[in-house]
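Here it is: the structure, laid out below.
Chains: A, B, C and D, in written order; residue numbering restarts at 1 for each.
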Amino acid sequence: MSGHDHPDDDHDQDHGHSHYELPKSRRARSEFELRTLALEAALTEKGIVSTDSIDAFIEIIEQRMGPHLGAKVVAKSWVDPEYKARLLADANAAMAELGIAGAEGDNMRVVENTPLVHNLVVCTLCSCYPWPLLGAPPIWYKSFAYRARAVAEPRAVLREWETELDPEVEVRVWDSSAEVRYLVLPERPSGSEEMSEDDLATLVSRDSMIGVAKAISPTSRN
Amino acid sequence: MEGAHDLGGIGGFGSVRTDDGELAHHEPWELRAQSLASAVCRGARPWIEGLDPPTYLTTPYYGRWLLAAERASVANGIVSRATLEAWQRRIRVGESPPVVRDDRLRSRQAHAMTTPSPIASARQPFFAVGDSVRVKRIYEPNRHHRIPRYVRGVTGSIEAICGEDNIAGHDSNAVEPFYTVRFSSGDVWGERGDEAPFVIHVDLWQSYLESAVSA
Amino acid sequence: MEGAHDLGGIGGFGSVRTDDGELAHHEPWELRAQSLASAVCRGARPWIEGLDPPTYLTTPYYGRWLLAAERASVANGIVSRATLEAWQRRIRVGESPPVVRDDRLRSRQAHAMTTPSPIASARQPFFAVGDSVRVKRIYEPNRHHRIPRYVRGVTGSIEAICGEDNIAGHDSNAVEPFYTVRFSSGDVWGERGDEAPFVIHVDLWQSYLESAVSA
Amino acid sequence: MSGHDHPDDDHDQDHGHSHYELPKSRRARSEFELRTLALEAALTEKGIVSTDSIDAFIEIIEQRMGPHLGAKVVAKSWVDPEYKARLLADANAAMAELGIAGAEGDNMRVVENTPLVHNLVVCTLCSCYPWPLLGAPPIWYKSFAYRARAVAEPRAVLREWETELDPEVEVRVWDSSAEVRYLVLPERPSGSEEMSEDDLATLVSRDSMIGVAKAISPTSRN
């Protein structure tokens, strides 16, 4: 994102060019896009938002937040048992140790997978999701199908990811219906014993922190 | 609201996984719409849940954020319907929104996005961990609440005391403890041949719950 | 099915009364579509309930009968999708359906419409009038049944033994008693400020119910 | 309906004219109409239906069945207490006395309004309705709003018909979820004491037999 570092008037209109570049040659603006731009224009005029306040929202959720931060937390907890204990006891304090904080992650809880427990996170009523650790949710997480089925047939949903669980494993679904956001701490995969914390982080997929998948096996990757 | 947003256990939507597995969104307007919604109301949930069911189920995810943002903007007196429609006409003929830089707004947005604002601990929770509780049955077609239908009337147990916060659906200044409640799938969905028993946790405000005798 | 057809208690649809108060339908195709559905399946309910929720909520009443009739015709091997589409193309360019008179079909239709075919009395009903019963909780996203969500898990009492008939949702040759069950609105919807208590009766097959201790 | 009384071959095609007359000058065929006609054509070709079997369905539900028959039953029960007792005990037998029978009315139950009880009929899962006594259901009966609200806020629904009930009246809602169909026996209105059975039938509106309204008051009509 550009234009954030040079000084401006407080609310500086510049009609000469559009910050919001449309790939006009590729496609027409959809009805939703038209209406979004119209609302942006009206709210900008009123001084409620500015082009760069919207850009900041998008930059933060897309660039700063994201599964690389969730993976960092998970990898650290795999190599540091005391950090893991702090993460499970007070997720926000443990995130703060790594400088991770933000909207939709103010009240985090991390739930741990074990050989006998598998956790799965959903929001049936909307699509609540731990932005600071995972960024914006994937399209399937926001789908009606996931919201409908995750609380009713979790093992069938997991099978779509080829995630098969032993019969004795207890599936625990977390429906983020109020103000807490959930992250799954996946099991450290076998074969990863010699890996560094940074390398371990590459095994921690976004899907494994939602709970539809396990962490990536280093042997399957080779 | 008793709307189409309450999707737990509804059938007919097909498979979950799609070809665009990794994507968070498709088009650049989508996160802009979400950003606008966050600027015009304290919480977008009631505005999205208040969409009528056919609209809810036929509007894509970020389209619902846009509809919520439009309605909240007009209802909260931030912009008039006429202003909005005038801008829609201008955009429709090719105009773009004004490009405005505003350090104060940008900083405020960045601050809101990156600064933790944790909820308070529950000072006097009525329930303790392990207590048996039953979710109340309700009929609130017009008021925001967060009680999924699939747990209404179901007995579970308090798994955690989350803290206290404005209760969804009541005066927004009313603060109330909320809890993570643990349910057995058999108590929610009955006996099943297709899925082994599992556990469902739902976070619920105190006044959504009543004491139950342990089964 | 756990579909959008299960509408009891859903909000957001607005008022009931409309300007066309007395009308049963608007256009001549509507009852034709219903008639076609009745000709191609023993019961149209599963075919209509099986529509995905967005389609269900955005298709008008007789449009749902048409979709059910189309699907049942193809699924039951009565016409092929290709034949149907070929006729759609022909109709689209102005052709009309062939005009066919068939005394046998007409008489059969008239006979089916005007001859009573009452259900049998229940021979060995498990429940008696006055018994306290609780509606089972279920999750059946793909199988036809007739248990409205709003009474699942609710305790009521047997108000009448209706008879016995094929149970909706199971092998269509399985015959089972069904009952009228009486519920108190407070047990279904909780305590309410807006409506005085009332009584709701729902007709339910025996295997949807379990014995409950009187409250 | 024409063409039913002269002898035909068993399945006699006649492409020369269309029995299904479209008011072409008034409107285009809608998408649903096009598809209905296409399905009718395909099923007619297969000998599953015929033009006149469909016409018979429509003729019977629109012409033979209808609220005039429900009103006849109600009016008779108002003047004949023994008939009323039979109607409430075995509705189908009492209907048969008047020659009334048919599909979607095979298993009728009549429920009686009294000064302390008001009944309301709905079908939340589809739109089941007692065809032989009332014909095809009105559009509002099939609406999502009625199906959603009748079982949850019946008094609010009744107020849309300006049907106000005293607080002590018990509202009884009947959700026709299985194979029984319901008809409400409305209260005989005051001021109707001198009226003949035929005249009484004119007070029995369709809506009063569904339960959203009371029978028409003869004094309000004068």
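Here is the rule we go by: a residue touches a chain if its C-beta (ideal position, glycine included) is under 8 Å from a C-beta of that chain, and two chains touch if they have at least 3 such contacts.
Just so it is clear, the model here is predicted, and its values are computed rather than measured.
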item	value
Chain whose average C-alpha position is farthest from subunit A's own	D
Approximate Å spacing (C-alpha centroids) for the pair subunit A, subunit C	42
Rounded Å distance, subunit A centre to subunit D centre (Cα mean)	54
Separation of subunit B from subunit C, taking each centre as the mean of its C-alpha atoms, in whole Å	32
Distance from subunit B to subunit A - Cα centre to Cα centre, in angstrom	16
Overlap residues in subunit B, where contacts from two or more other chains coincide	9-11, 13-14, 53, 57, 139, 141, 188-189
Set of subunit A residues in contact with two or more other chains	144, 149, 152-153
Contact graph of the chains (line, ring, star, complete, other)	other
Touching pairs - complete list by chain label	A-B, A-C, B-C, B-D, C-D
Residues of subunit D touching subunit C in the complex	3-4, 8, 10-15, 17-20, 22, 29-30, 32-58, 60-62, 64, 92, 96, 101-103, 105-107, 109, 124-127, 135-140, 142-157, 160-161, 167, 170-180, 206
Partner subunit A, residues of subunit B touching it in the complex	5-11, 13-18, 20-29, 31-36, 38-40, 45, 48-49, 57, 60-63, 66, 69-70, 73, 78-79, 83-84, 87-88, 90-92, 95-106, 108-110, 112-119, 146, 148, 150, 160, 162-163, 165, 168, 178, 180, 188-189, 194-196, 198-205
Complex contact set, residues of subunit C against subunit B	1-4, 9-14, 50-54, 56-58, 136-142, 149, 152-154, 187-190, 192
Residues of subunit A defined as touching subunit C within the complex	144, 149, 152-153
Complex interface listing, subunit C residues touching subunit A	53, 139, 141
